[in-house]
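Presented below are the structures under discussion, each in the form of structure tokens.
First chain A sits with chain B, and in the next complex the same chain sits with chain C.
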Partner chain A sequence: MGHSLKRKEDARFIQGKGHYVDDIQLPGMLHMDIVRSPYAYAKIKSINAEEALKIPGVIAVVTGKDLEKYNLHWMPTLMSDTQMVLPTDTVMYQAQEVAAVIATDRYAARDGKEAVMVEYEPMKPVIDPYKSLDPDAPVLRTDKEGKKDNHIWHWEVGDKEATEKLFNEAEVVVKEQMHIPRIHVSSIETCGCVADYDKINNHLTMYMTTQAPHAIRTVIALVAGHVGLTEEKVRVVSPDIGGGFGGKVPVYPGYVIAIAVSFLVGKPVKWVEDRSENLQADSFARDYHITAEMAGTKDGKILGTRFKILADHGYTDAAANPSKFPTGMFSIGTGSYDYQTTFMEADAVYTNKPPGGVAYRCSFRVTEAVHAIERITDRFALEIGKDPAQLRMENFIKKEDFPWKSPTGWEYDSGDYHAGLKKAMEVVGYDELRKEQAEKRKRGELMGIGISTFTEIVGAGPSKDFDILGIKMFDSAEIRVHPTGKAIARFGTKSQGQGHETTYAQIIAEELGIPAEHIQVEEGDTDTAPYGLGTYASRSTPTAGAAAAVAARKLRDKARKIAAYLLEVSEDDLEWEPGKFFVKGAPEKSKTIQEIVFAAYTNHPQGMEAGFEATHYYDPPNLTFPSGAYICVVDVDKDTGEIKVRRFVAIDDCGNIINPMIVQGQVHGGLTQGIAPAMYEELVYDEDGNILNGTFMDYLVPTAVESPSWETGHTVTPSPHHPIGAKGVGESPTVGAPPAIANAIVDALAPYGITHLDIPITPYKVWKALREKGAN
Partner chain B sequence: MKKQITISVNGEKHTLEVEPRELLVHVIREKLRLTGTHIGCDTTSCGACTVLLNGKSIKSCTVLAIQADGKEVSTVEGLATAEGLHPLQEGFKENHGLHCGFCTPGMLMRAVELLEHNDNPTEEEIRWGIAGNLCRCTGYNNIVKAIQYASAKMRGEETPSTEPEFV
Partner chain C sequence: MKTTIEKNFQVDEPIDKVWEYLSDPAKIVTCVPGASLTDTIDEDNYKGEVSLKFGPVKAKYNGQITFQERDKDNYKMQLLGKGLDSKGKGSADMLMNGVLVEKGGQTDVTCTMEVTITGMLAQFGSRLINDVSGSVFDQFVKNFRAKLAGEEVDNTLSAGSMIKGMFGKK
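Showing the complex of A and B:
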């Protein structure tokens, strides 16, 4: 624990020996490519595959009508909505899958895709989510019986009446309308699979880019059990994954089509989407329109908040949230502040855009919530003329008030928000920067300082509230120690770059005294790993990491029994130090863990079960609540609107730290995925539903040039309920960074009376806002 | 209409029949089965497919295999030698310059050429030098450190500390 062990997994990655889905090449393997809709909303009049089938190498063109024969043209989404696998009559968004071309090589498949002739009858799409609720808006989901509008669900939490009363009577009320734009995770590896159905043994091996292999196996069995693919006949293998960030949680139509085709022809079928398909059709993230309000006193006491959300889910609700939480963990949006009055409500709507609502390196909509609370807190500070750091310090929940009950029902486990912000202010030199800013303002130069002091909510989750499609959100670890004292440990999670092979080995090493280099960690094969819900929402350390610690402790208990037997003393006479048990008062009488394990196979006490292995399914008693204090400094060019991020200091508190190098690496990466939506990324659609930036040429993933040199640090407030006091960290920076950047830019523009700009804040937006406020 | 080409990959000569439109990256990955070179986009933007062609870093998704006829290709698989890892490989491992590993081979090959032209690049030169290679995981800080580490090592100087600056 606390040691920056170099990563075990790196040896293969730096030598080109990683093993990703597209690296799989099986004998007789066919290739699949997908014909996609050029229209956002259209009737399909006909699909003509005649020319495509003439192309050498093309062996089949699969349509919705073909799948309909097996009732495989529809599938459930993770939010219990429904989604077309392939359409039989109507397309609902641009780039929707229309037909699949199967060929003997990828070039022939692509030729076939170009040759399939589809005749469409375009219809006027619904693109604006506000207009989708107009009484005269066309009802999009006519497939859903009795559906009379485009409304999906309403959600609310808090005390509506008390909040209304508070807002009516408060001295100060501030309000901003915010759009948290539609963005895309864009892991550098796109999604794909090789579906390998063995007809003789009626067995499917599904190699796929999935963050949750076990859940996928169950979903496959639920969807295709009726054609014989019951769960014991399905093996899902998730090999190395080239980044996930939430985009590899859902089931995409391409996976289902590949399985169906492999099942029908008895040959392996590979489908790997290209980047444009990935950007244009795979699950988006966010797209929340939020009206955020804060009420308080003139001297800066926060009294309450109110948030009203319109959620654009596109064609279907294919979000990836725990079942009972349609807005994910948005209710963390009361933030790090000590007040008890809030009301939050959300309405979700259908539009003719791709479905989704997955996280983007974020624990279920926490980024949206944190943006709303941190922006409106700054707005409040601006309104009353108080320094935003001072305002936060005065309103933070105090360290001694944890565990703290939030007005939306969460019990924050631990935190020390004052310490975090104090440290961030010291590192960045806050007071000096404010002086510099005041001088620059006198000269008419624009410099801004932005703060974000966020509370995250991760580690889903306790089984009483958390499930996905009914499966409780525990996670698991299985440790087998071999006779010579070396171990293999398997998990229900699946790393996509987080370094599990190293971190989990370190946890077991700490608990069991076996060196981390002697512990092999394996994930991603449902035939061998224990069942778990996978890796997303920063849940691996809080759940599977906890399972590893508990399983190791079970083994330590067994080791104590064996040591007592070998040393001929009672268990109570033994003391543990990492790596061995020794007799109290006689440290020369000891047995190392390796000697004990060897005895478990060669000389175990009569009546005791032989062997040395343990499994644990960990059901967390609560979520964990990491926090952070981020400060961003920007310089803005008044003439061009250009924004330069001069400094960015991130102080994170993720509880006890297992590997500082990996934690810091996660923070760096998360910060770059924080600046991305703050300044660069947004999926833009025109009024006809055409995507305007559906390739990497115009969807601006930050390079090393746009990404600042991050300054990072930490405070440590252990989680009181987690076995090793850890909280999870992969997503905190993605969640916390955007409002720090937005607050800094708005702070720079404050002399012009600008109070809010929607992210991504581009030079053009800044230039335009300044011109509107009279700058020239 | 297939065409015969001869390319030398990591010092080994291969004579192959390829279609004129076949991309170099597909030949490397699927015919030669050197799968360390990856494909991350379709617009020459991400750099995951970067290899060296006659010593110059190129994006192999935008080069036809026939354009490489008679030329030398170097991929990530050829970086390490019998003596051990290339200093850049060591730099990436020691400085946590990779998470998922998908962009890493392209990043490494780009950095090889970068250091050949400039044996002691500044942070800014490194950032601009790898601007054609996208990484979604690391936030680039540690990639910069990894390249600085390798550049020191290749100059025969003491390598900078690999301890994280995590205050």
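Showing the complex of A and C:
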């Protein structure tokens, strides 16, 4: 623990020896490509496969009508909505799957796709979520019996009346309308699978890009059990994954079609998306329209907040939230501040856009919540003319007040927000920067300083509240130590680049004294790994990491018994130091863990179970609440609107740190994915539902060129309930960075009366806003 | 994906001759790059094809052309073209308004074109569509002048000019 052990997995990754879905080659394997809709909303008049079938190598064109015969043309979403696998009559968004071409090689499949002729009758789509609720808007989900509008669900939390009263009476009320843009995870590896159905043994092996292989196996069994694919006949293998970020949690139609085709023809079928298909059709993230309000006193005491959300879910609610949380953990949006009055409500609507709402490197809508609270806090500071750092310091929940009950029902486990912000201010040189800013303002130069002091909520989650499709959100670890003292450990999670093979080994090493290099970590094969809900929402360390620690402790208890037997002393006479038990007062009388394990196979006490294995399913008692204090400094060119991020200081508190180097790497990546929606990324649709930036030519993913030099650091406030005091860090930077950047840019523009800009804040937006205010 | 282009140009020909060419589908269509008439339904409705090339992407639209207005007295016309991609990859509509004004023996032509594109081509975004449409329009003007001057017009697609258009070098 606490050591920057080099990542064990990197040896294969940096030598190009990773093994991904697209590396899988099976004898007789067929290839699939997918015909997609050019329209956002249209009736399908006909699908003509004649020309496609003439292409050498093309063997079949599969349509919704074909799947309908087996009742496989639709599937449930993780949010208990329904989604077409292939349409039988209507397409609901641009790039929707329309038909699948099966061929003997990938090129023939692609040629076949070009040759399939589809006749459509376009209809006027619903694109604007606000217009989706108009009484005269067409009802999109006519497949749902009795559906009379495009409303999906309403959600609310907090005290509506008390909040109204507070806002009516408060000295100061500020309000901003914000859009958290629709963005895409854009992982380096797109989605894909190889479905391999063995007709003789009635067994399906599904190699796929999934962050949650066990849950997927259960879903396949639930959806296809009626055709004989019961759960013991299904094996899901998730090999190396090139980034997931939440985008590889849902089940996409392509997977289901591949399974159906393999099932029907009895041959393996490979499907791998291209870059544009991934960007245009796979689950988007965010797309929340938020009205954020804060009430307080003139001298800067925050008294309450109110948030009203309109959630654009596209054609179906295919978000990946825990079942009971349609807005995920948006209710963390009261933030790091000590007040008890809030009201939050959300309405979700259907539009003719791709479905989704995945938690992009985020515990289910925390990014949206943090943006709203951190932006409106700055807005409040601006309104009353108080320094935003000072305002935060005065309103933070105090260290001694933890565990702290939030007005939306969470119990924050621990935190020291004052220490985090103080450290960030020292590192960045806050007071000098404010002086510099004042001087620059006198000269008419634009410089801004933005702060974000966020509280995260991760590690979903305790079984009393958290499930996905009814399956509780525990996670698991199984440790087997071989006679020579080397171990294999398997988990219900699945790394997509997070470094589990190293950090899990370090946790076990810490608890059991076996060197991390002697612990082989495996995940992703449902035939061998224990059941778990997978990796997303920074949950691996809080759940499976905890399971590893508890399972290792079970083994340590057994080791103590064996050591007592070998040393012929009472268990109580033994003391543990990492790697061995020794007799109290006689440290020369000791047994190493390796000796003890060997004895477990060769000389174990009579009556004791032989072997040295333990499994634990960890059901966390609470979530963990990491926090951070981020400060961003920007310089803005008044004439061109160009924004330069000069400094970015990120002080994270993720509790006890297992591997500082991996944490730093996570923070660097996450900050870059934070600057992305803050300044560059947004999926843009026109009024006809055409995506206007469906390739990386127009959808701007920041690269090293755009990334500032990140300055990272940490404070450590251990989680009191986690076995090793860790909290999880994967998503903190993605969640915390956008408001810091937005606050900095708005701070730079404040002299011109600009109080808010929606992200992504591009030079054009800045130039336009300044121009409207007569600044350039 | 909607884009509107407005162009104004002068031709050194009398207004009635210009009108005759502009309002005659057989003449005007042969000036549109990549376009051809395939069938006459009646005097206001025609069937035709338009091919477009955006760098590596080629699209061919089959559709109908309708004269919604042909007002010879005021030299005003409105033309609606509706096309479906022949491979089911999208559609393109074009509403064109043309007005002629006589200016000292010359004719002043003002054209506005409202182009709506759906599907794969629309995904290139306004950046490309504007440039390519502008380049197509410029080629149309060139062809139209040539036609009026009695020269042979070659309205086959010139990939070079499209690509030039894509990068904004007009």
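FYI, the second predicted complex is superposed on the first by the 776 of 776 C-alpha atoms of A that agree within 3 Å, B and C clash if a C-alpha of one lies under 4 Å from a C-alpha of the other, contacts with A are read in each partner's own complex, and residues count from 1 in each chain.
The rule is short, and it goes like this: a contact is a pair of C-beta atoms (placed from the backbone, for glycine too) under 8 Å apart; a residue touches a chain by one contact, two chains touch by 3 or more.
Because the structure is predicted, anything quoted here is derived from the model rather than measured.
> Of the two partner chains, chain B (first) and chain C (second), which one does A:Asp431 touch, if any: first, second, both, or neither?
Neither partner.
> After superposition on the shared chain, which partner residues are touched by A:Leu692: those of chain B (first), chain C (second), both, or neither?
second
> Contact-wise, after the overlay, does A:Glu772 reach chain B, chain C, both or neither (first, second, both, neither)?
Neither partner.
> Mind telling me which of the two, chain B or chain C, contacts the most residues of chain A?
The larger set of chain A residues in touch belongs to B.
> Which partner chains sit in contact with A:Asp557 here, chain B, chain C, both or neither? Use first/second/both/neither.
neither
> Going by the contact rule set out at the top, does A:Glu571 touch chain B (first), chain C (second), both, or neither?
neither
> Applying the document's definition of touch, where does A:Tyr120 land relative to chain B and chain C: first, second, both, or neither?
The answer is second: A:Tyr120 touches chain C but not chain B.
> Can you pull the chain A residues that chain B and chain C both touch?
Overlap of chain B and chain C footprints on chain A: residues 276, 695.
> Quick one: which bits of chain B touch chain A in the complex? Just the residue numbers, please.
Touching chain A from chain B are residues 19, 21-22, 26, 29-30, 33-43, 45-46, 48, 75-77, 79-80, 85, 89, 92-94, 96, 98-105, 108, 123, 126-128, 130-144, 163-167.
> Which of the residues in chain A come into contact with chain B in the complex?
Contact set of chain A toward chain B: 4, 6-7, 9-20, 22-23, 25, 106-107, 185-190, 240-243, 245, 274-276, 423, 427, 496-499, 660-673, 695-697, 701, 703-705, 707, 709-714.
> Considering only the defined contacts, which chain A positions touch chain C in the complex?
Touching chain C from chain A are residues 38-39, 94, 114-120, 122, 276, 280, 686-688, 690-695, 698.
> In the complex formed with chain A, which residues of chain C make contact?
Going through chain C, the ones touching chain A are 1-2, 85, 87-91, 116-120, 122-127.
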